[in-house]
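What follows is a set of notes on a single structure, which appears directly below.
Letters A, B and C mark the chains in the order given here, with residues in each chain numbered from 1 onward.
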Amino acid sequence: MSERQVLNKKNMGINSGLPLQASEGGIDELRRDIQRLMDIEAIKQLKHAYFRCVDTANLEELATLFHDEVCVRFKGGGYEWNLDSKQEYVDNIGMAFSKEAIGQHNAHHPEIQIISETEATGIWYLADNMWILNHNALTTGTALYWDRYLKVDGKWLIKDTNYERIYEINRSVDDRPHLSSHYLGVHGADASF
Amino acid sequence: MSERQVLNKKNMGINSGLPLQASEGGIDELRRDIQRLMDIEAIKQLKHAYFRCVDTANLEELATLFHDEVCVRFKGGGYEWNLDSKQEYVDNIGMAFSKEAIGQHNAHHPEIQIISETEATGIWYLADNMWILNHNALTTGTALYWDRYLKVDGKWLIKDTNYERIYEINRSVDDRPHLSSHYLGVHGADASF
Amino acid sequence: MSERQVLNKKNMGINSGLPLQASEGGIDELRRDIQRLMDIEAIKQLKHAYFRCVDTANLEELATLFHDEVCVRFKGGGYEWNLDSKQEYVDNIGMAFSKEAIGQHNAHHPEIQIISETEATGIWYLADNMWILNHNALTTGTALYWDRYLKVDGKWLIKDTNYERIYEINRSVDDRPHLSSHYLGVHGADASF
């Protein structure tokens, strides 16, 4: 842990995007300003759909959210994900979010920067709980995400996604939690590990 | 739990709303685009006020957020709420959020779709903790909400609200938590159950 | 705890801002509407940056987010913060978020009201966990924030920030949590208490 980089904007490669300042121009400039606000909203909804699909193992919709060449770099405390394609990413989520998993991944505090009509960046603050029931394991923590989004054929997609932990706690849980509801227990895939 | 529906957009009855694409038209079309962005913001603030009012038992403001004929369908693990009017909904919240309750209800990841100038839908990802201190009970979990909103006399209201759990854990807590602050303990109603 | 004020908008001093209603005027009125939406987004990003900087002890960026005469009134269960300048606020955060701290501060449910071109208010719903490892202490809770923001030289700043708790639980944790990642343990300051 001693060689961790400082998690500031410079090291995350996040520069200022187009300013949140209405144009002084005419109707076409205002149209672009409106589109920029709509793009910010669309990118938030993209990332929101991502977390909804992950925790419900909705792989069909999930596959519509990534660029074909999505690049994933997640550094957890005890794991890393380094993936370089949509298929790999969807497959890994399908395996991790099995019948033996309970996932709670909530991303807060979006800071979306529009770079151009088709490129944007985002910082998010993740808080998550992940149980792997057959391993009696519970991982809890937070992380900062920094992402790059591309607009392809009129739709925003996740192109690059990175996170590093602020903290991570691993607990061994002796007994299965008393689950009165467990969606993935019904609709997740069979566990493969 | 074995007959649970798949929680995808189709089963929640969520269709694509008006696109987040600026009009190519003139000033009146842009005015409608701006209004659409304002409506999305207003609906988020409506739902945000809802959770603030619930957890502080602010029944007076809460009553201003619902349509008279609000329809509530909440499926928890060990409970269901099926309510069909504003009065029932406010009364039930007043009873549940008593002096013996600590409520923490946070809704994340809004996906608001504007259907028309007066109708919209929303998906939200709830994370909640609810203590009922006199029953030594703590319920923790997450859920997907899907809502319908109507604009009546210029104000967005909650018309239909539904949720189903992603997971729910019920714990019996032997000892009361060591509370150094407890707002509902002062301002909640006396417990009726 | 018995003399706590009711946490409604009136007592928080929150009035309705400019309505989320598109102007019926011409291009200059629409420009102002667009600016208002951009201001709401900029204020959300300001507060989001605040929480990112707090939990990573990023004091350099933090200092860019406050008005020189920021006024802080936080009422926790077992503590109060009453601060009246940027320097005091940054210094206090630097001391609290030391190598012995793990901070998780997530603010939900923004209700931003634009008062004028340079003044706005906001309500937020905080959920937080704060470990002070060398004191074996964990504080968990929620609170309502109410803030005032000013736009100075084109940039929104936090001018006043207040919160009171909905609940707060203090736990003594016998053993240090098993941390597989701890950013502040590397990049926080040495503990001074």
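A few remarks follow.
The rule is short, and it goes like this: contacts are C-beta pairs under 8 Å (C-beta built on N, C-alpha and C of every residue); 3 or more make two chains touch, one makes a residue touch a chain.
What you are looking at is a predicted structure, and each value in this text was computed from that prediction instead of being measured.
In summary, the pair chain A and chain B forms a contact in which the copies contribute largely different residue numbers, shared numbers making up under half of all those used. Superposing the C-alpha atoms of chain B onto chain C requires a rotation of 120 degrees, rounded to the nearest 5. Centre-to-centre separation of chain A and chain B, using mean CA positions: 23 Å. Contact with two or more other chains is made by residues 27, 30, 34, 37, 108 of chain A. Note for the complex: chain B touches chain A at residues 1-2, 4, 6-9, 20-24, 26-27, 30, 33-34, 37, 40, 76-78, 108-112, 123, 125, 127, 141-142, 144, 164-171. Per the touch definition, chain B reaches chain C in the complex via residues 27, 30-32, 34-35, 37-39, 41-42, 44-45, 47-49, 51-52, 55-56, 58, 60-61, 102-104, 106-108, 154, 177-187.
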